[in-house]
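Have a look at the structure that comes next, please.
The chains carry the letters A, B, C and D, assigned in the order they are written, with residues numbered from 1 in each.
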Amino acid sequence: MSINFSTSIAGAFFANPIFTASGCAGSGKELSHFFPLTSLGAVVTKSIMVKPRSGRATPRMAETPSGMLNSIGLQGPGIDLFLENDIPWLRDQGARIIISIAGESVDDYAVLARKLRNVPGISALEVNISCPNVENRGQVFACNPDAASAVIAAVRRNIGGELPIIAKLSPDVTDITVIAESVINAGADGLALINTLLGMVIDTTSMSPKLSQKTGGLSGPAIRPIAVRAIYQVRAAFPKIPIVGMGGVTNGRDAFELVLAGANAVSIGTATFGNPMAAVNIKNELEELCQARGFSSFADAVSFAHRGDA
Amino acid sequence: MINSKAIQISAEIISNKKVGAYHHMVFSVGEMAASCRPGNFVAVSVGGASSSLVLRRAFAIYRASLRSDGIGLLELVIAPQGSGSKWLVAQDPGDQVDLIAPLGTAFGIPKEPINALLVGGGYGSAPLFSLAETLKSRGCRVDMVLGASTAGKIYAPLEGKRSVNSLTITTDDGSAGVAGRVSDVLSSLIRENNVDVIYSCGPMAMLEAITIISQEADVLHQCSVEESMACGIGVCMTCVLPVEGGDGVIRMTRSCIEGPVMDGNKVLWNKSREIPDGVWGK
Amino acid sequence: MSINFSTSIAGAFFANPIFTASGCAGSGKELSHFFPLTSLGAVVTKSIMVKPRSGRATPRMAETPSGMLNSIGLQGPGIDLFLENDIPWLRDQGARIIISIAGESVDDYAVLARKLRNVPGISALEVNISCPNVENRGQVFACNPDAASAVIAAVRRNIGGELPIIAKLSPDVTDITVIAESVINAGADGLALINTLLGMVIDTTSMSPKLSQKTGGLSGPAIRPIAVRAIYQVRAAFPKIPIVGMGGVTNGRDAFELVLAGANAVSIGTATFGNPMAAVNIKNELEELCQARGFSSFADAVSFAHRGDA
Amino acid sequence: MINSKAIQISAEIISNKKVGAYHHMVFSVGEMAASCRPGNFVAVSVGGASSSLVLRRAFAIYRASLRSDGIGLLELVIAPQGSGSKWLVAQDPGDQVDLIAPLGTAFGIPKEPINALLVGGGYGSAPLFSLAETLKSRGCRVDMVLGASTAGKIYAPLEGKRSVNSLTITTDDGSAGVAGRVSDVLSSLIRENNVDVIYSCGPMAMLEAITIISQEADVLHQCSVEESMACGIGVCMTCVLPVEGGDGVIRMTRSCIEGPVMDGNKVLWNKSREIPDGVWGK
């Protein structure tokens, strides 16, 4: 028995529901050494900013129990070089592309949206709003419903056309459904859940924070219960909104867990660092698992854990 | 780009022997052994099925050889430090380990016979012995300096010693060889042996010290750097350091892809936990 | 060389800085089978409520990567039986006692404080405010600065005397320093950081949430980077406030990490489930580590990672 | 209170053999073996040094014996299910495992010779063989029923069979013994053998079914329950189920302390993921 394993996010179609997670696969070049990028539903590129960016000083990472902290600081070439080099290459691979953008001000996001509005071959835009807002004492956009919706509204206004906008939310908030509501009202077509949690590791030899920036983002299996909870809560509050789930998925079982909670697609981040084949393996395992549980269509498995809810 | 020969395999452990402070481990890797060059590294998955360790560990390739009967062996020298390396050295012959190799850049091998000085700190000597053999086979003069905090941390196997013209040992505590650091003996060795190129591998502070000496002496310096790596295959951007590119622009450069072997003179040895001024995108 | 390993929390003295975490050691009876309770700095008892409480239906727990979820639901005998049975027994052991209280309304906390005001042999009160407030649509007190401070103010008013009040905060908030500030202003003498994070596990066989209550609290090593970050942030904001740190501590190194971040004492929770001797082992390892790092007094190690901060 | 004999030790694995769907594992536990009673369980630490598994696993004691030469052996029968049990059965003789035992309550042994019926489901047969031996030594008649989904999941070692008067096997798929469930054969066995007490161990649904039959037949029923346990020593409150106490009050009762062996008639078999009405503190 075969299964309809495709998924769609706000009208964008993907042959299967497994994506890379932004920042965990670069622009796909290195992973393409291990498998054809067309075997994944989409490549979500590393969040790109308006200008070239050096990122943070090292150490940028620390391993933690079943997870890791990172403070890469959005190192990247800036949107112009990115559109010149990375996107044509990705298109040549035949990969489905979701571009992730990040900014330090609402205006940055508007500029990025305008640069992207006529770029062909893009399936969706992921808007990483887990960035410090330089215009508001560095408070992360995603932690404030007004700042979050201002970003999404600016992107909406400037992107034009049909390109679905996926707002990527931070779990570091008191009530994630409040942020979800604000970005949906501002025009987000879908949500990406979850970005990393703010954490810290102190090196007990140097007796100082291990990362040069002190804090970093916690990812990996350790945070999976938080991701499942966030997806489940948001799905319960918004039965129809497309959700790209992520957070600690390392195998097909984990991906299935996020799908049952409400994810229409699942992005693979940290797991790729442990195993370059992770995303492809997960795709195969998830397909088998959906079949084994009797689903003839992937879409039927999405949010299945909510059946019978009031 | 990623080393074009890199493959991911499940490799059987053939032997695992404690040598001083280190473990010498041999893995069966088949034909892949033939594509490993001195300076390349492997990224090893550690901890087993229900492990809390999510990242690979990087180790320099000590030696790799494809035998005529088709058996390919890859050898590592491992210092048990944290939980990952301790797990690895606790594995037994017959156990399988997931590894990706060869990764990263290799030491550049000169076409002409030159005078080379190889400098290793601690387990940093690991990639230098196969490098020495290659250089010798090209007719080079090869001198070697190995340093460590104490005698037990000098990794210098007998067969390795044979492949060099001279071996100088330094230890911080004077328990073997000259008391002091490798940098203390370099200048005179460079002069005496008319050194053209320094090849080095070891802690970042040592590499920085060697860079200064090599610049003063005006010799080339290829060093294998060691930054914390989360993926080893170029996708995470954790392993960067500021390096001047061919275009004169200083970029935060991935040491797993454009390294670990780099031109020491192009690295901005920055230990201040800051992005140095002048870096692209700062 | 010996070290002064004692600590004090708002005037209450403890022979060493390792405590049990509330809800992870009952009232100490079972652990006393493995070691004398006097070997710990204090026993923090399971949060007690006004009335007897059955807790939640099973399954109440799920193991997660380097952690676990629980939804015990504060099962307990209620304050009267607790004061009749558990406290005298603990006093007989010679243990230092910190009583944790929990309520469903501000009034509950006030009642509990009055019942405790004249009980002898108690070193401090830990106020668990990570409970749903039945008077405010079940929102957790600790997630709202006003609700949190109302609870602490009520306890302050009713407890009388010198008993230090430690407010236990939830990390499930946008900015934990805001909650910290509100409870400090309301009269908290110290803070306990952190309670569990809200998480969920979905059983991929039954395809339903694994816990009967769907969500549960995430604890264990997985959350340690969150605990370190929370403690560090609160310590940076409030240089003097006594902090009892907790979250994923399994060995002396972990405890030392929380101490360097700013903890004046460290509570051991989930680690005890894996090893009944955990708290005692951690105490010994922490003492050795403080000595090895050259501290002659434990107090000097507290917040050491902040040295040199502006 | 916690079993007064409970100790925590590092035990060496003496043997580990696959038997059908299970592993029979033997541990060296010294004198502690003498304090284990049929029905007690052990809590085993799993996963090793850098494991992501933070909780102990509970296993019924299959057999425990202190030999005259002072060597104490503890035996378990383990079904590899999730990561913890799979890790355990992958350990080799000579490896050390941290375990706490004996824990929990034991099956009550009658002073008079009675007619006992022992009922086990799957690995639930584990504690029943040592119980059978004890009962036999007290002059009891012991009949046994073992059930499982399929033949490979019946654990009934030869020496075990010898210690019972009759052994009935049921399998859901009919691959061994009677096709059906243990509960299908119970009523007739109770009648034929004049059973006074049923001792049972297995899945909760089976225990519930047996409780109903035992109540109809008016025989005593001691069952060993199996709730998810995080600590095994009474401090976490995860392992509770509603049980009527001596005072008639129904409490959420810890099965690791007041169980695993309980009076089946006192348990409110609640599978509805709710706290039943009438429970103290609801």
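Rule of thumb we're sticking to: a contact is a pair of C-beta atoms (placed from the backbone, for glycine too) under 8 Å apart; a residue touches a chain by one contact, two chains touch by 3 or more.
The model shown is predicted, which means the values in this text are computed figures rather than measured ones.
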Quick one: which chains contact chain B and chain C both?
A, D
Computed over C-alpha atoms, the centroid farthest from that of chain B is that of chain D
Centre distance in Å when chain C and chain D are each reduced to the mean of their C-alpha atoms:
35
Averaging only over C-alpha atoms, locate the centres of chain A and chain C and give their separation in whole Å.
34
Here the gap between chain A and chain D, centre to centre from mean Cα coordinates and rounded to Å, is 47
Chain C residues counted as touching two or more neighbouring chains:
65-67, 220-221
Multi-chain contacts in chain D: which residues touch at least two other chains?
52-53
Considering only which chains touch which, label the overall pattern as line, ring, star, complete or other.
complete
Flag every residue of chain A that touches chain D in the complex, lowest number first.
65-66, 221
Under the touch definition given earlier, write down the residues of chain A that touch chain B in their complex.
23-26, 29-31, 33-34, 46, 51-61, 63, 65-68, 70, 72, 75-78, 212, 220-221, 250, 270-277
Spell out the residues on chain B that touch chain A in their complex, using ranges where they run on.
1-2, 4, 6, 8, 45, 52-56, 98, 100, 227-228, 230-231, 233-241, 251-252, 257, 270, 272-275, 279-282
If you look only at chain B, which of its residues touch chain C in the complex?
52
Mind listing the chain C positions that touch chain A in their complex?
64-67, 69, 143-144, 172-175, 197-202, 204, 207-209, 214-215, 218, 220-226, 228-229, 232, 248, 253, 256-257, 260-261, 289, 293, 304-305
